[in-house]
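The structure under discussion is supplied below as structure tokens; questions concerning it will follow.
As written, the chains take the letters A, B and C, and residue 1 is the first residue of each chain.
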Amino acid sequence: MDTLAQRLYEEFVKIPLIDPHSHINPHAPVAKSLNDILGYHYYTELAHSAGLPKDKIETNQGFDQIEQLATHLGHLRNTVQYSWLVELASTFFGFEAEEVTPENARRLFDAAESTLAKSDWVETVFEKTRLEGIFLTNDFDDPLEGFDTKRYIPCLRTDELVFKLGEESVRNRFEASSGESASTIASLKKGIGALFERFTARGARACAISLPPDFAPMRPAESEASRALDKVIQGDASPEEARTLSNAVFFMLADYCEEFTLPFDLMIGVIRGVYADGVFQGQDLFDRRTSLHQYHRLFNEKKAVTFPISVLTSNQNQELVAFSWIFPNVTTNGHWWYSNIPAYIETDLRARIEAVPINKQIGYYSDAYKLEFVLPKFNMYRRCLSRVLANDYVLARGWSEERAIGLARQILRGNVETMFPGR
Amino acid sequence: MDTLAQRLYEEFVKIPLIDPHSHINPHAPVAKSLNDILGYHYYTELAHSAGLPKDKIETNQGFDQIEQLATHLGHLRNTVQYSWLVELASTFFGFEAEEVTPENARRLFDAAESTLAKSDWVETVFEKTRLEGIFLTNDFDDPLEGFDTKRYIPCLRTDELVFKLGEESVRNRFEASSGESASTIASLKKGIGALFERFTARGARACAISLPPDFAPMRPAESEASRALDKVIQGDASPEEARTLSNAVFFMLADYCEEFTLPFDLMIGVIRGVYADGVFQGQDLFDRRTSLHQYHRLFNEKKAVTFPISVLTSNQNQELVAFSWIFPNVTTNGHWWYSNIPAYIETDLRARIEAVPINKQIGYYSDAYKLEFVLPKFNMYRRCLSRVLANDYVLARGWSEERAIGLARQILRGNVETMFPGR
Amino acid sequence: MDTLAQRLYEEFVKIPLIDPHSHINPHAPVAKSLNDILGYHYYTELAHSAGLPKDKIETNQGFDQIEQLATHLGHLRNTVQYSWLVELASTFFGFEAEEVTPENARRLFDAAESTLAKSDWVETVFEKTRLEGIFLTNDFDDPLEGFDTKRYIPCLRTDELVFKLGEESVRNRFEASSGESASTIASLKKGIGALFERFTARGARACAISLPPDFAPMRPAESEASRALDKVIQGDASPEEARTLSNAVFFMLADYCEEFTLPFDLMIGVIRGVYADGVFQGQDLFDRRTSLHQYHRLFNEKKAVTFPISVLTSNQNQELVAFSWIFPNVTTNGHWWYSNIPAYIETDLRARIEAVPINKQIGYYSDAYKLEFVLPKFNMYRRCLSRVLANDYVLARGWSEERAIGLARQILRGNVETMFPGR
């Protein structure tokens, strides 16, 4: 990086973080061993893609698993995901090799082992990461007990409610957690209200869902919704009926987001299980033929709800920019999954900064499963941000560095607080 | 900007302009007050998007409106549209603050007031902008009287003819302006011929239309078109019948463009009124799922007509590049609306310059409603152009600066004259 | 180029090439005159697009044709295709002018004439290009005789088998070359097996096909396939029946690719004959609305087949990156046709290097019809690669230059040998 971008980057690193989306388990927030690091789906799916059979990855444990993965990590040395690993190993485990190889994997494994055993490890990670809080992804029936909800901020994840009510186990969990049956539209609605009540009482600051590319929300008539629910429960719903029920529940959620003033995170574009024999969490892909125009009814109807939106493809970023520029309730949210690489982050970020009001942009979230990944992933983003602000603002527009840093502070931290205020 | 790009930019600024697309009113070409500047839809829609209620924007007048807008301009300080405002205020009103704030808005308002009151203001703007002529957007019934058509060049805008014949007021205006009834296909055709006659007699140099993303022109049989027109006039046309009539009129326009040797500007991709409660002119968006392949019949059939094409999304730029590279009658035209930001201009421009014959590229048009915006908008484009030519031609290919400047002159000015020659 | 990128580029140029896709005729691999150079469809279609009538291009021969083309080459001076011509003329013909003009065209024609007459010209081109082998595109009935298949590597092109069995001449050629009738599914299958036998016996290292954007492979039942074949032969197949037959043959090919361990090159997205009156080979375009998700059944079913994939649009590159990152049998292959310009190569390359295992990437192929084009086209790619590796790896990630060169060697050469190993 050139000197100016480097200087900005060093300032950005000092800004304390609240990470607005992750999959952290608050009861086990950090890695227990290197397996929790190298077992992150990015490494298992890329190693599998590079040629390592799935069973070599998934039936091994402990150092045996690491040893297998290490045979294929060389094929990933070019990837940005690999660079997270190297930075993580250096920052947290004092492991300074340029690459992780079959020869040095044992050394890394041991270094991780001894570091992760430290009793204050969670605190150390929070401090080194300058992390002050992190949003979770909680199942609707999560009891939300036994952790500090100021630090680990609950977020109601709703994919199962919208897409999985056909599974009896989901309906049973709904009943157990909400006190209401999932068998009628009225009781569903009441039960979902109870979930919102419980989540917001425990400090939840968002409702979230991931959606397939062909989802086009349209509120069904209640009678239609009832018929669809009956069919889904009987297990003989047509695709249209299943979609009708999804729509009905989706709009219930939107209604409650309005009532409880919760932002509704939409993560748009994923198709689950495209590669059914892939490794765990390495099976989902997409069809890029999708449009935010599919959501125009929702955005028009639910004007009082903020929709922080993540798009799966960089192709869709211009729609996100344009819809956020026009609709007051549509906002940009991070760089998701297949778009979470510098080539797409920088392209997408540049357009967002140039055309979306700055108070409507959430710069980044880690999406991490273990706290150790928050730092290298945010650093990747901060490097992108420093290049964009250095070139397009300080150099091209003549902004002072202070002004650029102020802008970075707002999208890295300030907006997380104003856009997800909690109740 | 680095020194080389800066040097090129300074040369580009000296090239006198003919702006090939705008919404200038030739009877009121410049702003009357700062409201005409800050009332540009970019500022009102972005301020609304950033949180300012529509009624605060649209019910206020004079400084009251400015005061309201100023409360939200800080949220837009990152946007490129804001940078036009700052450059405009500095260039034309001598206002040198880095930002427009609630504190200094009065000072800017007053500076604008006294400047805009000058009797030679129109001439001053033309001179400072090095502007020699500017294309208008004229309704089909515009009398085209009372202005200098060498300076303000008429352009026949045809959206209403293609999409709004169902409105009685449009049919009445058609009858009044063309002398023909809109009630039969034959009289429609005759009347449209009369409009072309009148427009070209007054120096029109283009016919233009904006089109929705699902438009796929196909010439209907005359009998079908007649039936469709009857249904549209009766007000009970199906969507297919309405589309048939649109197609019939669209091909009439293409036929007359051939007969009168007028280029037919196609502006592809907009959906009107997506956010129906948005501010004035801030309601239109798009669905990016559209293809230039939808136009293959038109391009094949009307080989004698030049189609300067604007695409609404950067996603579609590669199609525009490829179709312009293959079809002699398809050409590239500026950077439109949601693609009119440097992040997309540079990306799209780079591909166009690398693969489309240079005599088929219109670099830029301002799309401005008031002349004061021509300069800052063209400057944004010229900065993009200078970076692309500096990096990709002077540095990467070893071109001399003179050669790069020659290329810029052609797409900034020369091609406007050769591609829109007038009759 | 800056010094670092230049230094890398100079190293990349030294890496000996095996070009994994071309249209070279092994019996006439080099140009016979400048007409074979300027007759490349890029120049004829761009000159036609720039205004030169088709008949001026296609009815002239010898210097007359060159003279015509030279009148329009100035309009192409900006294009990257023109830069190949200038580099080719300088490298191979010692022609040092900055542009090819009507004034100097004779001089270039003569220089080409005398150079191309040299008896060792083929060897000279191989040497100057550091070319060790080049893949061909062979019709299914190519006898594959009379050339060195180590140098000119056969590749079975299958578009005709999948899409043209309705043509009697194709069926006759199939019969003559395979010894089997094309009249039943069983004999088709047997005959295709014979073709694979013959091709692999002659050293074929890939099977290849180009596909329209709406192709979505799905294996039909054998009875359906039989009915469809009958209808196609009778000449009264519906579009669905024709597609069923295409699917049946396509899956036969995939089955044989598995049996013969041949990679199956898929080149996705082209529509043939969109501009029917275009010059030879200058008629094909595309509809960008296509998705790799259309291939999910194929990728899941044929896990043992490697699919090197070329996409026609940069829009689709992110899908290619994501599918190659998840599916072990999906790999990236070069930068095809309308995406083969630096603006798209650099964008697409950057994302591929950041997220696809490096052992699954084929950097580039020339697609050339004459050997003289291999060098300037690969040089264009190597310049893109040097900029990406200089900026994103050596500067941004702190890689040593040696490490970057190793990565380049793998995607420029090493992977061609491991991914297309031959039988």
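Simple rule for what comes next: a contact is a pair of C-beta atoms (placed from the backbone, for glycine too) under 8 Å apart; a residue touches a chain by one contact, two chains touch by 3 or more.
Just so we're on the same page, UniProt names per chain: A, B, C = Uronate isomerase.
Computed from a predicted model, the values in this text were never measured in an experiment.
Chemist: Since chain A and chain C are copies that touch, is their contact same (over half of the numbers shared) or different (under half)?
Modeler: On the two sides of the chain C and chain A interface, the residue numbers are mostly different, under half being shared.
Chemist: Can you work out the rotation angle that lays chain B over chain C using Cα coordinates, in steps of 5 degrees?
Modeler: Superposing the C-alpha atoms of chain B on chain C needs a rotation of 120 degrees.
Chemist: When the C-alpha atoms of chain A and chain C are each averaged to a single point, how far apart are the two points in Å?
Modeler: 39
Chemist: Could you list the positions in chain B whose residues touch two or more of the other chains?
Modeler: Each of 289, 315, 347 in chain B touches at least two other chains.
Chemist: Which residues of chain A touch chain C in the complex?
Modeler: Against chain C, chain A makes touches at 1, 45-46, 48-51, 72, 75-81, 83, 98, 271, 274-278, 282-289, 313-315, 338-339, 341-344, 347, 383.
Chemist: Which residues of chain B touch chain C once you look at their complex with the stated criterion?
Modeler: Within the complex, chain B touches chain C at residues 289-291, 293, 296, 299-300, 303, 315-316, 318-319, 321-328, 347, 350-351, 353-360, 392-393, 395-397, 403, 407.
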